[in-house]
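Across the two complexes that follow, subunit A remains constant while its partner is subunit B and subsequently subunit C.
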Partner chain A sequence: MNADVLRSYLPLYKEAAMLTIRLGLLGIALAFLIGLVCAAVLYCKIPVLRTVVRAYIELSRNTPLLIQLFFLYYGLPKLGIRTTPEACGVSGLAFLGGGYMAEAFRSGMEAIAPIQLESALSLGMTRTQALSSVILPQALTVSFPALMANVIFLMKETSVFSAVSLMDLMFTAKDLIGLYYNTTESLFLLVVFYLLILLPISLVGSLIERRLRYAGAGL
Partner chain B sequence: MGREILRIEHLHKEFEGKTVLDDLSLTLAEGEVAVIVGPSGCGKSTLLRCVNALEPIQGGSIFLDGAEIHADPRKLPQLRQKVGMVFQSYELFPHKSILDNITLAPRKVQKRSREDAEAEALTLLERVGLADRAKDYPRQLSGGQKQRVAIVRSLIMHPALMLFDEVTAALDPEMVREVLDVLLDLAKQGRTMLIVTHEMQFARAVADRILFLDDGGIVEEGRPADFFDHPKTERAQRFLNTFTFETVKE
Partner chain C sequence: MQALGFEVLWKGKNFARLMGGLWVALRISLIAVGISLVAGVLMGALMTRKNPLIKALTQLYLETVRIMPQMVLLFLAFFGTTRWFGWNLSGETASVIVFALWGTAEMGDLVRGALESIPRHQYESAAALGLDGKQSFLYVILPQTLRRLLPQVINLITRMIKTTSLVLMIGVVEMLKVAQQIIEANRMKVPNAAFGVYLTVLVLYFLACWPISLLAKALEKRWS
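Up next, the complex of A and B:
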C-alpha cells in the first residue's frame, strides 16, 4: 500500500463521508418519525390506517433499497415529480427504515402491560398524552437494542446511494478504482471510513443500552 | 343525602357474547361509601371498569355527576378526571419518580404549574406518611407504599368519585393495614367511594352500604351490620360462610 496515495485520497473520502453521514442521519431521523407514527397507529389499532401501515411495513421491508431508490430516481420524474439524487437517497432510506423502526417501536410498546395505559387514561390523559408520557418512554427501553441495530443497518445501506449518482463513500471508492486502479488503497480507505462512522455509533449505542438496562432494573 | 355522584341504569355488559353484568342499577350519593363484595369472577372489577369507561358497555347508561360517560369518546378524558381509580397492582409509572408520578396528570391534563402540583403532591404524601420518598422511584418502595402513592396520584386530580379494586389483594399481610387506614381516613373526610374488597372486617368498618354482587347483578344490598349479621338471601349467606369457615378452622 502506498502512503502517498492514501494521503492524496483522504480529502475525497472525507467529503464523501460527510455526505454519507449527512444523508444517512437525515434518512434515519425521518425513519424514526415514520416508525413512531406507524407504531402508534398499530398500537392504537386505528381502523383502516392500521391496514395501510401494515401494507407499508411489508412493502418497505421486503423490497431492496436499491429498487426503492431506482423507483424514486427514475420513476418519480416520469410522474412529473422532480427530485434530486440527495432527496431520493434520503427518502429511500426513510422509506426502508420506517418499516423497520415501526416494528421495533411496536414490539416495545406491546411489551408494556396494557393496564399501564389504562392507569394513565383513568387519570384523565388523552390517548396521545398517555402514549407519549407513559407508554413510549418505557417502550424505548425495551426497543432500544432493536432501534440501534436498525440505525447501524441503515447506515450501511447508504452504500447503495452511489447507484443514484450520489458521491458517497462507495461511489468515491469505485470512481477512484476506475480512474487510477489503486484498488488496495481505495478499498482500504473505504473500510476505514465505514468503520469510523459505524464504530462510534455502535459504542455509544451499547453504552446507552447498558445504562438503560441498569435504570430499568426492576421495571 | 347530598347530590348524586354516580347513577348506573340497567347496565348490561358482556364479553364476546358472555353476559357478565345484567340490568344492573345503582346510585351513589355524595359522601357515600359503598363496598362491593361477591365471589371471584362475578364481575366486580368489570363494574368498576365500566364506570370510567375502560370497558365499553352493551346496554344501559352510566352518569357521572349528571354527565353520561359512555356517550361521547371525545369527552372521556374530561370525565375521567372526575373518577379516581386505584388498581390492585398499583400501576405506578416505573420510569418516573414518586413526585413525577403524582404530578404528571395535574400538569399534563389540568395544566397546573409544576410548583403548584408539587406543593400539593407533597402535602398529600405527607398525609400518607411518604413525604420523604418523593424523590425515590417506584421500584424502591414496598407494595404498601406504592399503593399509598397510587392513591395520592388519584387524589391530586380532585375526583368526585374514587374507585378501589382490591387494592390490598397483592400486599403482604403486614402492609394491608397501612393502606386500609388511608381508605378509612378518606371515608372520614366524606369522600365518595366505590370499593371492591375481600377484607370483610374492613368492609364492615368503612361502608355506608354493602352491595353483594353475584351472577351479573346486585343480589343484596344493605347497611353493613344488617348484611353481615343477618344476610337475607341464601346466596349471601353462603358467600359469607366461606369467610367464617376460615375462623372456625383455627
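Up next, the complex of A and C:
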C-alpha cells in the first residue's frame, strides 16, 4: 500500500462520505416520519388508508432499493416527472425505509397492552393525545432495537446510490480503481470510511439499548 | 400503451430474456442460500460453545460481515481478491462467495438465537425422562428450535434474493442489466421504454419475494 496514494485520495473520499452521510441521514429522517404515520394509521385502524399503507409496506419491503432507484431515476422522467439524483436517492431511501420503520413502530405499539389506550381514553384524552403521550413513548422504547437495526441497514443501503450517478463512497472507489488501478488503496479507504460511518452508529445504538434495558422501560 | 414502453417487452425474445435475467439472480441466491443453511447451522452450533476463543472468532466474523454494506463485500471479492491473490473470479462466482459468507454469518446468528432460546429445563426434563443426548436433541430441542427458526430463515432468504440485485454492479448480466440492454436497443423507436421495462422489473422482483415473505408471516403467526 502506498501512503502517497492514500493521502491524495483522502479528500475525494471525505467528500463522498459527507454525501453518503448527508443523504443517508435525510432519507432516514424521512423514513422515520413515514414509518410513524403508517404505524399510527395501522394502529388506529383507519379504514381505506389502512389498506393503502399495508400495500405500501409490502411493496417497499419486497423490492430491492437498487430497482426502486432505477425506476425513480430512469423510469419516472418518462412520465414527465423530473428529479435530481440527490432527490431521487433520498426519496428512494425514504420509500424503502418507511416500510421497515412502519413495521418496527407497529410491533412496538402492539406490544403495549390495550388497557393503556382504554385508560387514556377514559381519562378524557383525545385519540391523538393518547397516542402521542401514552402509547408512543412506551412503544418507542420497545421498538428501539428494531429502529436502530433499521438505521444501520438503511445507512448500508446508501451504497447503491452510485447507480443513479451520485458520487458516494462506492462511486469514488469504483472510479478510482478504473482510473488508476490502485485497487488496494481504493478498497482500503472504502472499508475505512464505511467503518467510520457505521461503527459509531452501531456503538451508540447498543449503548442506548443497554440503558433502556437497565431502566426496565417499556413493558 | 405506446407511450410507456410496455410493448417492448413483447418484441422478439425480450420477455424470455428478462426472465432469464431473473433466473441468474435467483440461481445465485439459491446456491448461496443452500451453502448458508448448512454452514450456518454449524456456525450457530459453534457460537453456542463456551470456549472464549471460538466465541471471539465467530463474533468477529459475524460483526465484520454484518457491518459492511454487501456492495463493499462484493467489491472486495471481485476487485480486491483477484488483485491480491492473482486468481480469476467471474462476477457470478464472486457473488456466490460473498452471499454465502454473508448468509452463513446471518444464519449462524439466527441458529444461535434459536438454540439459546430453549430454556435449560427442557434439556433437564428430557434427561429426567430417560432420553439420551441424541434423543433429547431430536425429539425435544430440534422441533422447538425449528419452529422459531423457520420464519426467520425464510425472511433471510427474501433478503438474499433482494440483495442479489447488486450483482449488476460487478458486471453480472442479470435482470436489471438485460432491462438496460432492451431499453438501449429500442432507444430510437421507443424512447419511453425505461418506464415500462423498469416497472416490470420492479414487479417481477416483488412477485419473487412477496410469496416467500407471506409464507414467513403465516408460519410465524401459526407457531408463535
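Following the convention adopted for this analysis, the second predicted complex is superposed on the first by the 216 of 219 C-alpha atoms of A that agree within 3 Å, B and C clash if a C-alpha of one lies under 4 Å from a C-alpha of the other, contacts with A are read in each partner's own complex, and residues count from 1 in each chain.
Note that a residue touches a chain if its C-beta (ideal position, glycine included) is under 8 Å from a C-beta of that chain, and two chains touch if they have at least 3 such contacts.
All of these numbers come straight from a predicted model, not from anything done at the bench.
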Three-chain arrangement built on subunit A, subunit B and subunit C clash or fit: fit
First, second, both or neither for A:Ala163, with subunit B first and subunit C second: second
Most subunit A residues touched (candidates subunit B, subunit C): C
Which superposed partner A:Tyr180 touches (first subunit B, second subunit C, both, neither): neither
Contacts of A:Lys78 with subunit B and subunit C, given as first, second, both or neither: second
Three-chain overlay, vertex subunit A: subunit B-subunit C angle, C-alpha, nearest 10 degrees: 110
Touched partner set for A:Leu198, first subunit B, second subunit C, both or neither: second
Which superposed partner A:Glu58 touches (first subunit B, second subunit C, both, neither): second
Minimum C-alpha spacing, chains overlaid - subunit B and subunit C, in Å: 23
Touching residues (chain side subunit A, partner subunit C) in the complex: 58-59, 61-64, 66-68, 70-71, 74-79, 152, 156-160, 162-163, 170, 173-174, 177, 183-184, 187, 190-191, 194-195, 198-199, 202
Contacting residues of subunit A [partner subunit B, same complex]: 115-116, 118-126, 129, 133-134, 137-138, 141, 216-219
Sites on subunit B touched by subunit A in the complex: 52, 54, 76-78, 80-81, 83-85, 87, 89, 91, 93-95, 104-105, 108-110, 139, 153-154, 157
Subunit A contact footprint on subunit C (complex, rising order): 4-5, 67-72, 75-76, 79-80, 83-84, 158, 162-163, 165-166, 168-169, 176, 179, 183, 191-192, 194-195, 197-199, 201-202, 205-206, 209-210, 213
